[in-house]
Each structure stands twice: as C-alpha cells, then as structure tokens.
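Each structure below is given as structure tokens.
Across the two complexes that follow, subunit A remains constant while its partner is subunit B and subsequently subunit C.
Here is the complex of A and B:
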C-alpha cells in the first residue's frame, strides 16, 4: 500500500529568480470543478452535470519563516528575508494591473498561483506563524495544477540554522498603533499580548469565450488589517478615523535578518474591551489600510 | 392541487425541450368605460383581442435548436392565398394547456465563458387555450449541454472595426414584430402579418478604441458551437450587419469593458425564390417579322397600356 510521509513532500516556492523551501507545518491542495445539475421542467432527474465555470485550485499552508538569506537584491534592500512577505509587499504597492503568479511545487504537483491572503501571527516568546493562501486558475491551455504526488528527497537543513534563523518575537520590534497603550493619568504602560496581521488581495481572472482558463489576471486592490491585543484600553475612536502607524520588524532568533511589515496610513476601525472572571481586562483594536 | 415543476411538461411543435423555466401569461386588453360626469367606473370594454405570451428558457443541446429554426422560416413563406406569410406556426403545450397558432417574437442568448448556453424565447399567440392542466411523469433524457468553452468566432468584419483578439462575452438577440389582423366581429385574428425583424449581436471584446463613423462599420460575426472534445460545429448564430454603437465602461474593482453592438435587419443570408412567372418580351418597332406569339411589340404594348 502506497503512502507518503510528510517529510517526503517538500513545499517549494519560486518567484522571479528566488526559490525557497518552506518550513511548513501543514499544506493543503484543493481542486474544484464547477459543475451544476441540469434539471428541466416536466422531467424527472438530471440531464447531466454541466460545467458552469472553469476548474480552479488553491494551496494553503502555515509556516514559520526561516530567515536564512536571500538571493534577490531587490528584496534585500527592504531587509526582507521572507519570500511571501516580499511578494505581498511588492504586490500591495504596485501600480500595475497585470499580475503574475508564484510557482508552487508540492510533492511533485506544481502550479502557478496568485497570493490571495497572507497573515502573520506574533505572540510573546514564540516563533512567528504565517498562514498563506494561493488561488490557482491555470492560464491559457495550462491547467491549474499538474503533475502527480510523488515522494521527494528528504528536506534536511542544518538544525543550528533552523534554530537560529527562524523568525521569533524575542527580538522583534513594534510600532503598532501606539501600542502598548499607556494610561495617560498615571503614565502606566500596558502589555502588548499579540499581533495578528493579515492582508487579502483582490484579483480578476479575465476569461474569454472558447477557452477554459483565464487569458490574463488583473490585480485590483488589497485590504490590510492588524488586530492588536493588549491589556490597557485606549479610548478615543474617531468618527473620521484615527490615523495610526504600524511598522513590524520580525527578526530571526539570532537577531540578524528581518522581515518587515509596514501598513500605509492605517486607520483605527474598532476597539473592544472585555473582561471575564478570574482574568485581567483585555483590549483589542483593529486598524486597516487599503491599497 | 399543487404541482411540482418536474411534472409540468412543455413542448412546442411536439418537440421536447430542456426548459429551465416557463411562464404562460394571458392578458386581456380591457379599459374602463366612463360615463359623462363620472370619474368612477365598473364597466369595462375590450379594446383589443387577447394578447398571450409563453416565455421560457431552455438549454441548447446541439441538435440544431428547433426553436431557432423559426427565425428563418417564420414570416418568410407565402401562404396559399399569396398574401399571408405565416410560415411555420408554433403549436404548444404547457402542462396540458395547448395553443395552436403561436409565433416566435423574441429569441435571445447570452454567451459567458465556461457557461452552458441557455436561450430565452417568447412566443405570442392569440387563440384560446384548449385542454386542462394535467401532470406528466417523464424521465429526463441524457443530453450534453452546449458550453461556451467550445465556442469559436468567425470575424469577417471591415478592417475599420479594429483589431479583436479576445471575445469576452456575447449576446445574440432576435426580435420580430407580430401583428394580428382582426375582422370586424371576431375576437381571434384572421391572419398574422409580420413587421420588421432584426438580429442584434452584442460582443464584449478587448482592445478599446473609439473609432465610430456616422454611418457605421460593416460588422460580420458568426458564433460556432461544438460539443466537448469535438471540433464539429453543431450550432451557429450569425449576425452580418452594421456596427451600431460601441461602448467603453470602467467600474471600480473590475476590468475595462469594450462592447460592440451589431445589428442587421436582413437576418437571412439566402434569397427566397418563390416561383418564376413568364412575362411578355418587349419587341422594338420594325421588328414585326420577328414577332412570335409570346412576344409583344413595344408600340403595341404602349397602346395596350393606353
């Protein structure tokens, strides 16, 4: 009986001249055919299940970035050692409408995907956790995902590299919506407990008649959001939106390489204060940027 | 009693169709009759005959759509009286309610990428319905529905229409004026005469351009449809006409669209030959010696006309 173990299915991402194997906790590949039943009045049953749209696929995975270095000078200039973060940062600020995909290879199956969501989760004394979703539409005559699942050679990396190069909150610095907040009257500073950052991209695959897969993709907009958990409530949400700043530098545990997340002109959207018995008060504020 | 849609059969000219929806609307043309000095009325009079319509949507399966054949044949053939031009008359049944003199007044299709091809038709009829509402129990036949993935365009338009590489969306629309002719004292028409017929095609294409001459541009498009995995065309829709308008639109969060509208009022590319009649051949003056029984000299022809 054939079976393939998790360490025989490496996940590799290629964007431009940069290729990285991802230290993923999990990965899932989904393929969908858009079929609908054909019913008719006066008849029992279905004539067939007929296509209503093109086949699509998606790849999602969670991982901890290993900041082992880069090959692309363009990314280095931004101090960016995470390939997904680099793609997201480039895409959200681009003025071009034509969008190009990222090559994904997952245990012998490959495809070209568009980054649709990317999130970064940070908690004290913990490695950074990222979650990513790619949508694969195919292009022209190319199906969204091709190849077959095969065991690959084991992905081994020196343990010392992994230990020292993973993104970690220990040396990370924040400038996150004036967090942790202070109680102005007593000048006491609260504790920033966690940061959950996410960005979602909106694309439009352009289909033409007579061809299943899109001929091109248009990138339209992006929505960026950060939710900050702390223990001091900062009052003062504004009707017209309170301007904030968000700059996150996540460093490797050896305090060397960095990934940076910078939200442009974020605005405070909501705040929430909650407390339950046997606990301290917790606050959450949400800031958003749009591109 | 309440019926389910799967038990209500729709057939036109004894042809079964895979209809997704059907609507039978019967309407009178009654107006209130007011007496002088009154602004309320309980009396109504008929100002016209019954106007009834049957609207339905059905899947195209590629066996040359039977409903589409009415576009070419309806109103194009002379009747035995040499005046009427009814051509093919549609008889229909919807759940056992039947009519015998229907006419196709509109037929539209929307072509969207990777979507099944669905036609929307409207049939008008002016006679009374016969029969009673009955339910049927039939199995649906296994059919392959035509899909816009298997579509090809033939573009033989004038060069001035601009370069077109991609066809993104398309519509095909046929409309025909159907006019009943009533004799005095009758409530159902004696005959039908057909007014203007037109076929319009709307095509969303790439390469936005603003070139639009005041007298239009020749636009010739033919849509061919084949079945999955086959290159044989099993259905086609043609519009050889004139570019009537073009529109470019942009909405936030969406692509720029460029829409062409082509229209023709001569939807058939063939000429109907309805028969040949011999006519007298004119003979020039002085050509009496060539006179035959089936020819008439011009001078004699003139005197006959006088």
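Here is the complex of A and C:
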C-alpha cells in the first residue's frame, strides 16, 4: 500500500448540525486496550492477558482556527464561529457534560470524543495556534475509533489567497479594561508579548457491569490557565490571590469574526522573572480560574 | 525607449542629510507571509507569520564626515533613497553593524548595516523638510595617511586593518502589533579589529599564553585626508584582547602575520 501524504488526510469535526473543516497542522490518534496479565497458582508462566477495562482512544491536533465556519443560531448569537471554542465555552459555562460527543473524522478514521483540553497561543503578528485533545470512549457497540486510514481525494483549488478568515494576532486584542497586562507603580502598562491560554476538563466515565463502554459521563471540574509573557514585573504576589482580568477577542486578518475567550474571576497564581546575560529581562505570570 | 539608472541618478539621505561618497547601496525586505500548509490541504492560503522588517546596507569611502558611527548608540534614524523620479523612504532604522577597513593600495572604506522596524517603501509617511545636497569636496582619506599606534610596531609594517562593530538589537513586540513597542539596544558591543603585517621581529605568543600572559593592547588608528595631515577620523580603543594570530607565507611573498583583537564596550 502506498504511503499517504498529509494533504490527503483532511480533518473534519462535527458537532450537532455543525461541520467544520479544520486547518490542522498535525493530528495524532492513539488507542489503548487495557490488558493485564493473569497468573494462577499451579502455573509457572502467564495464563493469558485479559481485558480489565474498556478500550480508549485519544485524538490530539493543533490548528489555526477558521472564524467563518458553519454556524447555528445558538453560537452565532454569542458571536462565536468556532466549534471547539464554542464547546469549551459551553462546558465551562454550564458546568455540565457534553450532551453529545464531537465527531472527529480524518483519513477514513472516525470516532466521537469529549473535549479534555484546549489551548490557544498568540505570538507576535502570527496566525493563532490552537491545540486540542479529545478522549474517545466509545459507546454501546461503537468502538472508540473505527475505519481505516485511506487517502481522501479532494477538489484542489489552483488559486492562492490571503488567509483573511483565519484567526491571527494582528487584530486580536483584549477587551477594554479586561486586559491582564501588568500596570506598574508608575502607571506604565506592560507589553504583552505572548499569550498562552489553556483549559482542561475532568470527566468521570460511568460504566455499568455488562458493558465495555461507559453509559454516560459526569462533568467534574475544569481548570483554566493563561500564561502571559511581559516585559515588566509585578513584585509581591498576594497571599490571598490578586484578581485579574482576561477577555480576549481573537480576530481574523480582515478584522472580523471574533472568537472570545473569557476567564471568569481569574486569580494571579504565579509570577516569574528571568534574565540571562546578553538578554532582556523576561517576565511571565500565570492566572487561573476553576469551574 | 528603455532607460537605466546610473550612479548620478541616485541619492541616499539620512535624517535629511545627503550621505557622501557612497560606493554601494542595498536595501530590501523579505515578506513574512507564509503558506498555511495543513492536513487535507486543498487551497494554499498565506498569512503573515511574523512582524515585517527590512534592512539596509551601504558602503562608502572614508570621507571627512563619517555619518553612521553616531548611530551605534540607541537612537534610530530615518532616510530616503532617491532614484530617477522614485523616492523610497524608511523609518526606525537601527544600526546593527559598522565597519571600516583599508589595505595598501586601497582607499579607506566604511560599511554599515541596519534593520528597519518602521516603514519602508514609496509613500508619503515621512517628510524631510530639506535634504542637504551631497558635498562636492569629499576630503577622501588615503592609505598613505593612516597612523596606527599598536605599541610594538616600529619594525613590523602594517599592511591592512579592518574594524567591525556589532550593535545587536532586540525588538520587543506586543503580540498584536506589527511594529515593535520598543527596540532594546543590547550590551556590550562586540568590536573586532584585524591587522595584517609584514613581519620582522613579531613574536607569536605561546598558545597557552592565557591566563598568565594574557595580552591586552591599546589601539589607535588615526586617518587623515589623502596626502595630508588633516585628521578626518580617529578610532581609539583601550584594552583590546588578543584572540588569534595566524602566520602565512608562500614562495613568492613576505611572511605575513594576521592577528585579531577583540573588545567589548558596555553601553552607558
């Protein structure tokens, strides 16, 4: 069988009635069977390897968000065009499990997963990069990931174009008075050089005897964190935690179609100051929210 | 009819002053637009992958007004290049390298390189009120009017010198800005001087001379107007560290020894 090139493996996700083709830079799938060795008295070697738990899989990929995906009214009303960002926002707002999984399809393989981590990274004047991880648990008779790797034939457009609809740091910014930039005692505002935001979700899969795959999932908690590189340092971290702000609007190159990332009541958790010879002092602070 | 642009049809001005005796000039940029190559790629789309910068390099003869040495400090400069009826302007240029060299049979020369963090191109974003014209009398230096003071060179003839000053900068960008919020001038400045001599009684050091016999030298190069004692430039450095020596000879030539001195200058 011939090897398959990256451009023959599109990645598409589906959530409810929405379908979005992902501009993914990479994608990895891993599947695990929970097998344990069985030993028994009277037998010298292993008797067999036997399943102890359900098969699981995970899919992770990094991508640049397209901000004009297919929308439904629910998300449109929130000014949100990105499925993954929308799911993350929905989960942390409702604090409930996903009502249904996100369908992931790439190169002939498909599965349905729960969003477990999502991150957004903004560097100076560059496309926004997101990373995401889904856990695929399977359900009923459906195994976590099915299908086989096949090259997909696609219509290829010969025309090149400006990526005007993708998330880019060019016009992205924090909402007025919602910036986490440090303000010094002399009222100077720090330069935010890069922003790395992430959120992780914890679920409990609920299994029933007699079924391999979980019958449902319970939402437990979410941890949201943003690491901010700056050029100023705020000394004296507060024992009880200093309140911060974080409401980021990611926009496209044509200055439209924002996706919003809003942390609820974030608190300053840690600060770092680094300097090495022949360099400029770099500072980093981490703010965190829990849901 | 196709025309062309020759040297008389060009002019380089910096901060409103015409630069004299320019021998070569280059400037340009490389777009940071990059293709987004993704899985299942069905169309190539481009997006800026980093803030845009440009660069400019110029070489000139050593004349009485060495214009660029003043920009080894922290200040940027702006300028424009006129060619025929075109006018390219640039802003927020920071000098990143400065050099000077001369060898027997050459006119002493200068070189500079700068990174441009502001604008560059045609457009009306900068207006020098009046541009001083190029001078007609340049007072060009000559290799026969250079005095080099290197302590021990009464019997060793200096054939050439070269000076290189690196002035690196660090641009600090906000994540959503196309121009830097500030440009930090790094410290120290690296200074490299290379001399080539026709050796007579020059003693090459033992390779284990550091640390017991670490050699520091004070260097002074005084450059006068051609065939004159009228000084137009003096480079003077204290405590330059000897870092390398190279012996070279062949059948048809004299023994030549090249040595390199390094210095570091802290910014104030």
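Definition applied: the second predicted complex is superposed on the first by the 255 of 291 C-alpha atoms of A that agree within 3 Å, B and C clash if a C-alpha of one lies under 4 Å from a C-alpha of the other, contacts with A are read in each partner's own complex, and residues count from 1 in each chain.
Quick note on the criterion: a residue touches a chain if its C-beta (ideal position, glycine included) is under 8 Å from a C-beta of that chain, and two chains touch if they have at least 3 such contacts.
Remember, predicted model here, so these are calculated numbers, not experimental data.
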Contacts of A:170 with subunit B and subunit C, given as first, second, both or neither: second
Partner chain(s) touched by A:111 [first = subunit B, second = subunit C, both, neither]: neither
Touching partner for A:101 - first (subunit B), second (subunit C), both, neither: neither
Partner chain(s) touched by A:39 [first = subunit B, second = subunit C, both, neither]: first
First, second, both or neither for A:127, with subunit B first and subunit C second: second
Winner by number of subunit A residues touched, once subunit B and subunit C are compared: C
Which superposed partner A:193 touches (first subunit B, second subunit C, both, neither): second
Contacts of A:152 with subunit B and subunit C, given as first, second, both or neither: second
Touching both subunit C and subunit B, counted on subunit A across the two superposed complexes: none
Contacting residues of subunit A [partner subunit C, same complex]: 6-11, 21-27, 61, 63-64, 106, 122-127, 152, 154-157, 159-163, 166, 168-173, 191-195, 231, 253, 278-280
Parts of subunit C lying in touch with subunit A, wherever the complex brings them together: 32, 35-52, 170, 172-178, 181-182, 184, 186
Subunit B contact footprint on subunit A (complex, rising order): 34, 38-48, 50-54, 202, 204, 206-212, 215, 218, 220-221
Subunit A-touching residues of subunit B, taken from the complex the two chains share: 5-10, 17-22, 58-59, 95, 111-116, 136-145, 147-153, 166-170, 253-255
